[in-house]
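Before any comments, here is the structure.
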């Protein structure tokens, strides 16, 4: 009996040690993240002002604002989503609702996963080769948006598929049993139920797209272009590239530090807001569906 | 003195009152069957005796559960030690993704036994007790998943026996098995009675009648009737019991 | 009416199918464009097209590799004997030397007679190695043109020097870049794996519901932060810290890159491992606990082994992410294209090279094509990793 108690104590001690180590490591991970956020918030906040957000960069990008970069990033978000969202949702619907399990489906799934794994710089190379050079769009919002849209496509397809998968088959069967066609079933029954989750996926991918740098380096991003774009064939500045430029190769790296903090903060805020928005959408619809 | 006893036990899942004032005593070296319709609380009650309900969040337990004269919910009791003393067999066979040998040896290893010779010996004895030894003695190193469902369940019984418990709790052990495998397990239960106190939850009334000495009938969280198995199935006192065993509901 | 509806249904299905085909088409297009441009370097020579390299006609040497020419220019090779010729010292003759060798009178005021001078110089100098623009080479040239070996896959992959714009010959060896990529990735995983796995176990098994509900969005946010922001943070905080702590001449190093990449790989590893840990059936956990195992023993002996293929998949996906990461690495590793010897020195990865150099490479030129070839290597690496990931993730559980 004594030996048994000794073993019990040993087990308790090793569990205590292991769990504290895990707890400590998790805290470190959380601290790292909060450290990054805190650092950028604290340093970036003083740079934030209405003027910073709405005026052109001046003085070799060491002063003024980041207005054109913000507008450029929003153009790219809008353009890429305009392209990727419909295609992504449609192909998600096709994969989940129309295509039966089989070789074709697993092939498309494999290709989608592979596309998701393609490094963003390779998207940049590809966008440059196809959109900029072959199709002669030049460095333009169009080329950049298409490149970013392709990059976001797998994520949107995946979230759409997941959202559709979570719709109970009973709804489909009930609808089909009432004589509704497949299209009617999808449009009137399945999509409305899956809609909030699809929307959540869209919002999250907006956050993702806004921060991508490598794909836009050679397809759209302008080093310094203190004006707003006139057409989709125009180059634009973009927030992530702007941040890269002013902290590595600007005219005066030290002097533009403040601008860099501010730009980083704006980037994080876009991601943060899109995450929060996605959370709100999710919880709003869950509550609504409960009633 | 009763081997296992429960005194005025109430259990709540949040607001759901799942067990109501259950009082029951079970003697050593007997087989007790818990019967009743699904959701009547029989499994929940069984799981009180090795404190498996502790794992579920928002559970509140009132009353005393006593094993060998000791209140097992008191602070001094070590849950690990309690569970070592009370073996459990689950509804579906749930062998670990390890070899047959390691499955049986697992309980000893986690309880600090390192003596190889002893472990080998116990594995063999337990597999014999579970009448599985002849079928698996040449493939102890093989994965447990290569066994059939019935064999897996007997492996799980051997696994429970290997750490020499005094009580074996069985939670519908044959519900996922075919009749032949079920028959083997029932035979096994009958043979194990000599050395262990066995509590078996079952859906199958014939099974209760075949293997148990005593039977407890649960309905809507209450213990309706508890008596010798013979009495329960031939002359139940309560009308609900009678309705249930004659198949009017369930 | 009914027919019309049926036709509409068919049309819609067609549109849906076309959308679903786009990802596959994109992958194919990526392969075509990347490899079309990238593989074309193997039919190219590492010198400009209008450069002539020639020797005296009596010289037995008729072929030189790019590296040999570079070594001659660097005076690491000074005798023809070293490269299979006669025992005679090499006399390099470039445009610079023309001014000191010939008088202005000989060349003519507009260099109209330079070609003749060059020709006669080659004829009378047995040890000469001529490196000249083709417009100063006469039509009836009496020297022997040297054939420069094409860039081969071997010299490309195994070459130890990456100087794509170097004169006289571009050095296109990607070994330092491949090794740099692998080093940084390895470092990142070594950092991210213990941290990520421990956090995943904590979230899946140890933390209560409430704590987990706070942790989950934190990890999601970590995944969403743009890589350029990580790079910026790395540049401002981690690089100086690494420099100070290890007392290095520069903080931009493989170590700084590994730390930043490791932080970036954390969310992938945490999320996928946690999902894998959560799929462990409750029955297995209960079986272990019912045998008297402690919670920790159950985690260590049952849950983690059960989830091991999921955890492996998480690691592999993390590696895939780290290999392809561009901006953060570009900003913190110092980008020295040398074969790495230590984590405390600057190194350079494939994605960073593409990002840094493509803007300066002339469209369609050798350098441009070489960067696309790098893209091919990167694509193949991540493609293989993805296949492994799919294979492991799909593998049946026992």
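Going in written order, the chains are labelled A, B and C, and every chain counts its residues from 1.
The rule is simple: contacts are C-beta pairs under 8 Å (C-beta built on N, C-alpha and C of every residue); 3 or more make two chains touch, one makes a residue touch a chain.
Just so you know, these numbers come straight off a predicted model, no measurement behind them.
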> Quick one: do these chains touch in a line, a ring, a star, all-to-all (complete), or other?
Replying inline: complete
> What chain is most central when centres are computed from CA atoms?
Replying inline: A
> Once you count every C-beta pair in contact for both, which comes out on top, B-C or A-B?
Replying inline: B-C
>> Measuring centre to centre with CA averages, how many angstrom lie between chain A and chain C?
In response: 25
> What whole-Å value do you get for the distance between chain B and chain C if each is reduced to the mean of its CA atoms?
Replying inline: 60
>> Averaging over Cα atoms per chain, report the distance between chain A and chain B in Å.
In response: 51
> What positions in chain A touch 2 or more of the other chains?
Replying inline: 11
> So which stretches of chain B touch two or more other chains?
Replying inline: 80-81, 84, 110-111
> Among the residues of chain C, which are close enough to touch at least two other chains?
Replying inline: 294, 297
> Across the complex, what residues on chain A touch chain B?
Replying inline: 4-5, 7-8, 10-11
>> Which residues of chain B touch chain A once you look at their complex with the stated criterion?
In response: 78, 80-81, 84, 110-112
> What part of chain B is in contact with chain C in the complex they form?
Replying inline: 50, 52, 55, 57, 80-84, 86-88, 90-92, 94-98, 106-107, 109-111, 143, 145, 156, 159-160, 163
>> Could you list, by residue number, the parts of chain C that touch chain A in their complex?
In response: 5, 8-9, 12-13, 15-17, 19-24, 26-27, 29-30, 33-34, 37, 194-196, 198-199, 201-203, 206-207, 215, 217-222, 224-233, 235-237, 263, 266, 270, 294-297, 299-300, 317, 320, 323-327, 330-331, 351, 354-355, 358-359, 363, 371-372, 375, 378-379, 382-383, 385-386, 389-390
>> Give the list of chain A residues in touch with chain C in this complex.
In response: 11-12, 14-15, 18-19, 21-23, 25-26, 28-30, 32-34, 36-37, 39-40, 86-88, 90-91, 93-95, 98-99, 107-108, 110-115, 117-126, 128-130, 133-134, 150, 153-154, 157, 181-183, 204, 207-208, 210-214, 217-218, 240-241, 243-244, 247-248, 260, 264, 267-268, 271-272, 274-275, 279
